[in-house]
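One structure, as structure tokens, below. Some questions next.
Should a chain be cited, it is by its letter among A, B and C, assigned in written order, with residues numbered from 1 in that chain.
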Amino acid sequence: MHMKVILAGTAMALALPAAAQETQTVGVSIPAATHGWAGGMNYFAQEAVDRLEEVYPQLDFVLATAGDAAEQVSDIEDMLATRNIDALVVLPFESDPLTGPVAAVADSGAWVTVVDRGLSQEGIEDLYVAGDNPGFGRVSGEFMTSQMPDGGDIVVLRGIPTTIDNERVEGFEEAIDGSGINVLAMEHGNWNRDDSFTVMQDFLSRYPNIDAVWASDDDMAIGVLAAIEAAGRDDVQFVLGGAGMKEMIARTRDGDPMIPANVTYPPAMIGTAIELTAVGLTSSAPVSGEFTIGSVLITPDNAEDYYFPDSPF
Amino acid sequence: MGDAVTAPLALRDVDRHFGPVQVLHGIGVDLRAGEVHALIGENGAGKSTTMKIMCGFLVPTGGEVLVDGRTRRFADQREAEAAGIVMIHQEFNLAEPLTVEENVFLGAELRRGPLLDKRTMRERTAELLDRLDCRVPPTARVRDLSNPDKQMVEIAKALRQEARVLVMDEPTAVLTTAEVDTLLEQVDRLRAAGTAILFTSHKLGEVKQVADRVTVLRDGRVVHRGPADMSEHAMANAMVGRDVSDLYPAKAAPRGEVALRVEELDVPDHAADVSFELRRGEVLGFAGLIGSGRTEAMEGLVGLRPHRGRIEVDGRSVTIRSPRDAMRVGMVYLTEDRKGRGLLLDKGMRENLTLQSLPDFSGLTVDTAAEERALDDAIARFDVRAPMRDVKVGNLSGGNQQKLLLAKTMLADPEIVIIDEPTRGIDIGTKQQIYKLIRELADEGKAVIVVSSEMQEVIGLATRVLVMREGRIVGALEGDQIDEERINGLQMGLGRAAA
Amino acid sequence: MTGAAATAPQRRDRSHSLLDLHVLGPILALAALILLGTGISATNESTFLSASNISNVLSRSAFIGIIAVGMTFVITAGGLDLSVGSMAAFIAGLVILTMNSLAGTVESVPMLVLVGMGAALSAGLAAGAINGFLVTNMRIEAFIVTLGTMGIYRSLVTWLADGGTLSLDFTLRTAIRPIYFGGFGWLTWPIIVFAFVAVLGELVMRRTAFGRYCAAIGSNEQVARYSSVNVNRVRMATYVLLGLLVGVATILYVPRLGSASPTTGVLWELEAIAAVIIGGTVLKGGFGRVWGTVIGVLILSLIGNILNLTDAVSPYLNGAIQGVIIILAVVLQREKKAGT
């Protein structure tokens, strides 16, 4: 192993000066667009690749989308073996299965940027661009407490059972702790409109009074709103989604009382990561380290700044 | 019964009930070493149940099973096999994709350490096959074997288990005449080696040829027991319980118009240049060995296989691409494979009866009342005997299945009826009934074709016989010319009679 | 083969089948679930038996239910269709795009809605015909064909939506909402259509030549062929019928949320197949009953509903509970092994 690293390092050292003007290849590996947020993330990845290929003619980008972790591992192995990539930008499907393959890329001497989900082992990546999941939950919770200073009964829709979801919910629970807000029930809506519609219908059957809903995602918020509307219930004062879907931001901007706010978890972070990687490859500017993109509360006042009409999300 | 003590296997006063129904009443049979014992009876007489009790598939509800004079109670068929009692089923119990040696040692593979000891198994299989004078290589795949060779593999498997008692359930049902002879030779050989053999067959000629003693069952009781020197006629009478001397009804000369004219029918890979005429009121026999293309030619004729050639029905040229087209011009085909292609075994009698003519029973919906009436008629006319009206057809005896299949075919009200193997695996009483029904069809003015491997059947039924060999018609026989010797000569390729 | 032959067997010998678990199994399972729901509802003062909850459960059962009725025919005839979930998503996307693009030119909203319905039905018909053609004429295994079309429709809808969500224009959405939410009080249109499809399906399965042919082909294709049944045509018809019913289900689905996305209809095919089997239809074909399928669908919907009404079970275990109940419902109705 060490031998390999040394050899690779030597090869790099020998090759670099000569290759300064040569084309370098950047691999981008992300999950496929299977739900709204991922769709947005795909859009921003493609957009960043197109833009950066113009700006940096000496960079070549390879973009691969995977339907599951195993497929993503194969994608990365193929990139390393057949394209001999100089840098990898990866948004891991799951942390554990991808740690090994990404470490192998790092061992080959290539630059590694990890986005959103961390790997299981520290120190592999050169750059970590992360969303702030506990922060996402915390900002949401703080908004809830600010809207209901006297407390109230709420229901919570959770995403697909994952670390991300757990971190968000923990952050949320910490923020509302001691505020008098009572969580009646939590169920998984799987970041899916149909599932959240069904879950919300059943919550409405179960509880005669619900003051507010933390839908934790804009796709789920749409399902929740449809269920409330169909039931004709007026006890629910508002629904807080998240992640900043453009339709929902537009409704906040236009002052819809049911959607008073949103919390960002921008899919555009993938674009930031690709851009930083390009900078790191082509210049001597220091870009390694950790780069956290915080979750911001969007209200009618600042909604216009977060409305991107061209994004699919 | 007196010397049952010395018999390797004997049943004494065996009763068997299925629910409230008693199917065996005090059966006593003893199988002696070095003897072939024939168990005969009509379908439903209790032969299968008796054999299953002998081999541990069923336990008796009364009486006892004696092995070497000692009472035994087999929990299952493996225990019976351990005691040297092996059954060879009518439908082969072989794994078709495996080789002969793999089948012979299936479930009892020899090992050397963790690996299979293939060499020893191959040698032992070769030895066993040698003993049976069978020329099949141990490495051949069973699915590539002929029926008698498969039968031999079954027997080799039984020998491998050192069977002292071999129970053979209609071993000759699917064999041709020549194949039967080979099998019977092997039975002789086993007998000489001291094996006790129970043999069942509907072909009384074989029984007479091979058996030392005969037990006749009727309605679950032993009605005759004795040495095999009785005549076939006497055996048949004992089985049926009445005189069956006139097995075949009297023939009548055809008097009608030509209903079907076939010219130069080709069924690729199976039959070529098949031409013949068929008149109303005629029973035309198609003889030939298995594989001579008889069945395929008929399947081509009714559109089940692609074919070329000219077909005229009632003088008009017709195109037949599917059995539906054939039915439209009044022609139906009754398959030789009643279980695989004729009947839905997991459905009731009503659904089976009307499947072919369902459009006649349905407008927007199916008229089940009319179907029930049709079933009443069919049960009465074709004498279908079922324990319950809603019984699954798979649980009917072979004879009753065949009668139901005939009823189903006739429900389509055809003018031209092609019957392939009308009585395969059916007892003599039912055979007589079916022959009578076929004759009645002809007398009603229908045109009938009977395809059969049983030469006696063709001779007994047909007023004219066409013999096929290697996909072609090699001869036509009429009236007094129809005899076993001529048919045999033609189908073996020994001569050519004028058409 | 028993010796006890009766020349004139009893015509009515069905009394025993009333106690038959094969028939009672699914009904018992459904009854047990309803009791369970009522019990849970009594302890936490939720409203399991209220008209609105019953209406919710029945309405949301309608999509899978309508599809499962079609699936019953396909499975009974010895086939299988894995593509229905993606097909529904694709058709939903197609309908939304069609209606959005015509919204500018066609003034009358009812006219637009009719066009949308027409588009859904014809797309379903075509998709079913493609599956049927590949299975019957090209003689490819149904499993492979529909696995292939499943992937195709799923990525087509992802492509149409650019990975995001296709949404109906807001004015149109308000206009068509009543198709899902409207009706006669709690008796909403999805419930009415589902009931209609189920009754009609049961009738076709039990009382028509087509239903009989499906069972015959599933039981033994050769026998059907030798019995002059046009096997290919019947088989084709089962897939076309299923495609058409997927179209009907989509007509009811689109008004609910007014959108379609790559996650629309995910796993519907498995839910539909599970409902069919829970209802007593034989997976390898030869026997099918539509009323059983309806009960199967209700069982599946009720499990989810009841789990949402209680905190007794960790939501992580929802799938396990569903699995256990599905297996139990099928074990309950296992036929005793046929005697000799």
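Everything that follows uses one rule, which is that contacts are C-beta pairs under 8 Å (C-beta built on N, C-alpha and C of every residue); 3 or more make two chains touch, one makes a residue touch a chain.
Small disclaimer: the values here were computed from a predicted structure and weren't measured.
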Relative to chain B, which chain's C-alpha centre is the most remote? A
Central subunit by CA centre of mass proxy: C
Averaged over CA atoms, how far is the centre of chain B from the centre of chain C? Could you give it in whole Å? 44
Any idea how many Å lie between the Cα centroids of chain A and chain B? 71
Inter-chain centre distance, chain A versus chain C - centres from mean C-alpha coordinates, in Å: 35
Complex interface listing, chain A residues touching chain C: 32-36, 38-40, 42-43, 158, 161, 185-188, 192-194, 197-199, 201-203, 205-207, 219, 222-223, 226, 230-231, 247, 312-313
Show me the residue ranges of chain C that touch chain A in the complex, using the header's touch definition. 44, 46-48, 50, 52-53, 56, 60, 158, 161-165, 167, 181, 256-257, 259, 261-264, 266, 304-305, 308-309, 311, 315-316, 318
Under the definition above, what is the set of chain C residues touching chain B in their complex? 1-11, 13-14, 203, 207-209, 212-213, 215-216, 219-220, 222-230, 286-287, 338-340
Any idea which chain B residues touch chain C in the complex? 18-19, 21-23, 43-46, 48-49, 52, 58, 219-220, 304, 322-324, 326-327, 332-333, 335, 340-347, 351, 355-356, 358-359, 361-362, 364-366, 368, 372, 379, 383, 385-392, 394-397, 408, 412
